[in-house]
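Multiple structures follow.
One chain, subunit A, appears in both complexes that follow, with subunit B as partner in the first and subunit C in the second.
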Partner chain A sequence: MEAEQRYRRILRIKDKHYVALFLAPAIAALILLTIYPMLYSLKISFFNWNLTVPGSQNQFVGLQNYAEILKHGEFWHSLWITICFTFFSVLFCMVIGTSLAFLMFQNLKGASIVRTFVISAMVIAPIIVGTAWRLMYNPGWGLINYFLSVAGIGGRPFLAQASTVLPALIVVDVWEWSPLVMVIVLAGLQGLSPEVYESARVDGASRWQTFIHITLPLLKPALLLSLLIRTMDAFRTFDTIYAMTGGGPGRSSENLNILMYNTAFEYFQVSKAASMALLSLIVITVICTLIFRVFRRNEGEAQ
Partner chain B sequence: MRRHPWLNIMRIFLVVVLALLFVFPFYWVIVTSLNTSGQALQYPPVLLPHGQFGNYVRAWSGAPWLRYFSNTVFIATVTTLLVLVTSLLAGFAFGTMRFPGKSLLFMAFLALMMIPQTVLLIPDYILLQDIHWLNTYWAQIVPWGASVFGIFMLRQFFLTLPSDYWEAAQLDGAGRLYFLWKIAVPAARPSLITIGLYTFLGSWNSFLWPFIMTNSASVQPVEVGLSNFLGTNGTDWTGLSAAVVYTTLPVLVLFLIAQKQFMKGMYSGAGGIKG
Partner chain C sequence: MRNRKRLIRILLYALLLIVFCVYVTPIWYIVTTSFKLERDAYAIPPKVFFVPTLANYFDAFSGRGMGHNFFNSLVVSSVSSVLALLLGTPAAYALSRFEFKKKESIFFWFLSTRMAPFILAGLPVYLLSKQIGLYDTRTLLVIMDMLINLAWVVWMMRSFFDDIPPDIDEACMVDGCSRTSALFRVILPLATPGLVASTIFCLIMSWNEYFFAMILTSFNAQTLPAAISSFLTVYGLLWGQMAAAGTVIAIPIMVFVFFMQKHIIRGLTMGAVKS
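== the complex of A and B ==
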C-alpha cells in the first residue's frame, strides 16, 4: 500500500510533459478523426451540397434537409427495414448463440473442433460471406432451393422477391454472427464458479430452476455485451447486403446504410446523406440506451 | 449427474449437424470452384469436386490479385503497427499516470470512439478529398490508426501492473521511455498480440471504407478486388467461387494458427466489461 502511494507520488511530480507526449497521438486521432469530422458533418447537413453542382456547398438551407428527410418516405422505409433486420437478426443470434454456448460448454468429445468450425464463419470478411451466400441462394442451381425441393418445399428466387429478401438476408446475418454471441457467452460461462451450482444442487433446485434463477442472472454482463455489440453491428450492416442484393429488389432491402451510400455516392447529395447519418446515429444511440436501461433496471437487486 | 446415453447421442448429433451447417456453405463454394461450369449449373447439384483447377487459373488471371493481396497486407500491417503504438502510449498514460481531467478524458475517448465509422464516412470522404488523400494508402490507414478497444484493454492491463516493476526500474535509474519499452511492453505482450490480431483481421476484412475511398486497383485491397471481380465476372460462377476460396484462405489460416489468442482476447474483453 505504501509502495503504491509512493509510486503514485513519483508519477505525479514529473509527469506533465510525459502525459502530453503519450496522449498526443491518441488525442490527435480523436480530434482529427472523430470530433472534427462530426462537426463538419453537422455543418454540411445545413447546406444543400451536391458533389456534382459547383458552388452548392455554400447554399445554406438551415434545417431543410432534415425536414425533407422526415417528410419523404424513403428514410422511414429504410429505417423500418433496418429495424426489422436488426430486431430479428439480433433475436435469433442471441437465442442460437446462447444455445450454442451451452452446447459447447458440456465438454463433449470434439467440441473444440466444432467450435473452430462455428467461429470460422465470423472471421471471414462479410463481403466474402455475402458473395458465397449469393451462390447458395441462386434460384437456378443454388443449394438452398435444391434442399428445399428435396424436403418437398418449392424453391423460389429468395433474393429477387420483395417478400423473401429480408428473411433471406437475416438468415445470413444470423449464420455469420451467432458465433460471436456464442464466444462471448462461453467466456461468461467460464467465469462462473462451480460452487454456485453445488449449493443450488444441495438446495434441491432442478436443472431448469438453476438455469433460470442462477445461470442466466450471472450471465447478464456477457448477454448485455453481446446484445449491444450485435445491435450496433446489425444496425449498420452494409457489406453482406451490398454483395447479395445491393438493396433490391426495388428498395425492399435498402437499409439505412445502403440508402446513405446511394444518396452520397450515387446521387452525390452529400448534405442530405450527412443529415441521414446523424439521424441514424441518434436512433441507434436511443436504442442502445434503452437496452442498457432495461438491463440495469432488472439488475436492481444485484447492484 | 448421470445422463441417459441416448441423450448424449442426441447432443452429439446436434453438435455435428450444427458444425456442418456452419461449414457447408464454404464446402459447397470449394466444390463449385473445382467443377466445370456445366457441373456447377447441373440440377440436382453436384456435391463432390472434380479437380477443375483451371477455374483458379482463369480467375487469378482475370484481375490483378497479387496487387490486391500486397495492398491488403501492407494496409493491414501498417494499421496494426499504428494501433499498437497509439494504444500502448495512451493505455500507459491512462493506466499509470495522474493528471487533471483524466477520467473525463477517458470517458470522452470511450464515447466518441464508439461512433460508428459509417457516420464519419461522408465527412471523411470530403476531408480526404480536400487534402488529396483519396485513392491512397493513407486514406485506408490513418483514419483507423487509433482503437478504443486497444486503449481500453491496455489501460486495464497497466492498472493491474504492480508498481514494484516501476520502483525496481527507478532504482536502476531507468527513465519513463526506457521503462515503457524494456519492461512494460514485454509484460503487456499477450494484450498486444490480441489487439494486433483483432486490428489486423478487422483491417483485412474491411470493405465499405476502401470501397468508397479508393477507385484504382493500385491501392485497393483484396475485398474490394473481389467486389470488382463480382461486378465484371458475375456470371462466371466457377471462377467466382475460386476467387472466394483464395480470398478467404489467408484469413482462415491466420485464424487457425492464432485461434488460442483469438479466444483469449474475447474472454478478456468479455471479462473486462463486467459490472
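== the complex of A and C ==
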C-alpha cells in the first residue's frame, strides 16, 4: 500500500512534464489566434485607420474612436437592438425548447422522427436557414404570406418593415435554436431518477407542485448551460440576419455584429470597428458573468 | 378519468404533428424550390406537384463553378477538424487528469472563444493575412476553423475523459507504460464515442462556417457557404440556384443527423448532465 502511494507520488511529479507537453500546442494556438488579434485590435483602435485612406494607419488619435462611438447614436442603437434580440430570442428559446423536451419525453410514437427533424434545424448552416426563411417571408410568393392570405389575414412584407423585421428575425432564431435547449434539457430529464417522483407522489404532491419544486430545481444545471450558450450565441448572431435583411430596412435590424461588419468592410473604418468589437466584448462578458452570478447565488440559497 | 387521459394523449399527438410541420416546412421548401423551374417557384398557390428539374443545379455547378467551392469546403472542414482533434484531445486529457495552477482559468479561456464577437479575431486576421499573403488561401481558413472547433473539442473531450476513472490510467502506468501510451493505447479507445461525437461536431461546424469564409476569401479558397453570399448580393434574384446551393450544403448534414443522432446528442449534453 505504502509502496503504491509512493509510486503514485512519483507519477505525479512526472506528470508535470506531461501537462506542458499536452497543453502547450493548444495553448500556443489559442495565444496566436486570440490574444494576438486582441492586442492587435487594441492597438489599431487607437489609430484612425481607414482602408481607403493611404497612410491613415499611422495616424494616432488616442481614445478618440471610443469617444466618438459612445457619443454617436449608431452604437447605442445597435446595442439596443442586440439586447432586444438576445432577450426575446433567449426567452422564447428557453420556454419553447423546454416544452419541446417535455413533449419528447412523453413516449409518443413517432417522436424520434420528429426529433430528428427538429435537431436538423440547428445543424443546417445558419446562412441556409436564413436563406430558406427569406424565401418563406417573400411578400410576393413566399409561403408565410400565402398561409396568412388563406387564413384571411392580410400579408405584409415582414422583412421590409421596420416594425415587423425584428420579431420576424426573432422567430427564425427561436426556430433554429430551441432544438439546442430541447436536446440539453431532454438529456437532463433522462438523467433524473424515477424514484424522486414516486416519493413525491406518495407524499401527495400535485403534478404542478412536482414540476415546480422537484423537476425544475433538478434541471437547473441543464437550464443554466443552455441559457449561457444561447445568450452568447444570440448576442453574436450574424449569418441569419445578414442573409435575411443585411441589417435593413434602414438600420432597424442592424445588431452589433452587422454594424461592426459594415463599419469594417463596407465603410473600411477598421480602427472604429476594432474599438466597437472590444466594447462589445466587454458588454457580453458582463452579461454572462451576471447570469452566472445570479444562478450561483440561487444555488447557494437552495442548499 | 380515462377519457381525460385519452384527450391529453390526443392533444400531445396533435402538438407533435404541429412541431413536425413547423420544422419540416422550411427544409422542404428550400429543397423543392431547388428542383423547380422559375415559373413553378413563383406560383401562387405554391405548387406541391411539379415537374422536377435539375436546371438550377446545372447552372450553379457548371455555370458558376460551385464544384470548386464544394471541393474547398470538403478540404477545409476535414483538415481543420483533424487538426482541432489533434490539438484539443491531449489538452482535454491534461485538464481532466492533472492538477495544476490556474486549471479552471485555462479551461474557461478555451470556452471564452465562443463569446468573443467574430470580428474581434476576424478583422486583425484579415488585415494581417493581406500583408503576409495568406488572404484567400485554404490554409488560413483551416487555421481559423480549427480555432473555432478547439473550444468544442476541449469541452467535449474533457467531459468524456472525466467519465473514465483515473485508476485505469494509473493501473496501466503501474504496469510500466508511459502517460502518452496510456492515453493512446488505453484511454482513447475507451473514449471512442467522445472522439466520434467531437469529430462530427467539428465537421458540422466547419462545413457550416460562414463569417470567416466570407471575409477571408474572395475566389480561390471560397467555400460553399461563402459562395451563397454572391447570390445574395449581386444575383439577389436567382432563388432557384441559391436554393440548389443551399440544398447541397444542407443535405450532407441532414444525412449526418439521421445516422449519427445519438452521437450528436451525447456530445452536446456531456457537460450538461453533470456539472
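One rule holds for everything that comes next: the second predicted complex is superposed on the first by the 280 of 303 C-alpha atoms of A that agree within 3 Å, B and C clash if a C-alpha of one lies under 4 Å from a C-alpha of the other, contacts with A are read in each partner's own complex, and residues count from 1 in each chain.
Keep in mind that, in the parts below, contacts are C-beta pairs under 8 Å (C-beta built on N, C-alpha and C of every residue); 3 or more make two chains touch, one makes a residue touch a chain.
These numbers come from a predicted model, not from an experiment.
In the three-chain model built by superposing on subunit A, subunit B clashes with subunit C. Within the superposed three-chain model, A:Tyr146 lies in touch with subunit B and with subunit C [touch as defined at top]. By the touch criterion defined above, A:Phe265 reaches both subunit B and subunit C. With both structures placed on the common chain, the touch criterion links A:Ala243 to subunit B and to subunit C. Judged by the touch definition given at the top, the superposed model places A:Leu281 against both subunit B and subunit C.
Legend: residue contacts after superposition of the two complexes on their common chain; A:Ser120 is shown touching both subunit B and subunit C. Within the superposed three-chain model, A:Ile128 lies in touch with subunit B and with subunit C [touch as defined at top]. By the touch criterion stated above, A:Phe22 is placed in contact with subunit B and with subunit C alike.
Overlap of the subunit B and subunit C contact sets on subunit A: residues 4, 7-8, 11, 15-16, 18-19, 21-23, 25-27, 29-30, 33-34, 36-38, 40-41, 44, 100, 103, 106, 108, 110-111, 113-114, 116-121, 123-128, 131-133, 135-136, 140-141, 143, 146, 150, 175, 183-184, 187-188, 191, 221-222, 225, 232, 236, 238-239, 242-243, 257, 260-261, 264-265, 270, 273-274, 277-278, 280-281, 284. Chain contact summary for the complex, subunit A toward subunit C: residues 4, 7-8, 11, 14-16, 18-19, 21-23, 25-27, 29-30, 33-34, 36-38, 40-41, 44, 100, 103, 106, 108, 110-111, 113-121, 123-129, 131-133, 135-136, 140-141, 143, 146, 150, 175, 180, 183-184, 186-188, 191, 221-222, 225-226, 229, 232-233, 236, 238-239, 242-243, 246, 256-257, 260-261, 264-265, 270, 273-274, 276-278, 280-281, 284-285, 288. Partner subunit B is touched in their complex by these residues of subunit A: 3-4, 6-8, 10-12, 15-16, 18-19, 21-27, 29-30, 33-38, 40-41, 44, 100, 103-104, 106, 108-111, 113-114, 116-121, 123-128, 131-133, 135-136, 138, 140-141, 143, 146, 150, 175, 179, 183-184, 187-188, 190-191, 221-222, 225, 232, 236, 238-239, 242-243, 257, 260-261, 264-265, 270, 273-274, 277-278, 280-281, 284. Here subunit C touches subunit A in the complex through residues 12-13, 15-16, 19-20, 22-27, 29-30, 33, 41-46, 86-88, 90-91, 93-95, 97-98, 100, 106, 109-110, 112-121, 123-128, 143-144, 146-147, 150, 154, 170, 173-174, 179-180, 204, 207-208, 210-211, 215, 225, 228-229, 232, 239, 242-243, 246, 249-250, 253-254, 256-258, 261, 264-265, 268-269, 271-275, going by the rule given at the top. On the subunit B side of its complex with subunit A, the touching residues are 8, 11-12, 14-16, 18-19, 21-26, 28-29, 32, 40-45, 85-87, 89-90, 92-93, 96-99, 105, 108-109, 112-113, 115-116, 118-127, 142-143, 145-146, 151, 163-164, 166-167, 170, 176, 201, 204-208, 212, 223, 226-227, 230, 237, 240-241, 244, 247-248, 251-252, 255-256, 259, 262-263, 266-267, 269-271, 273-275.
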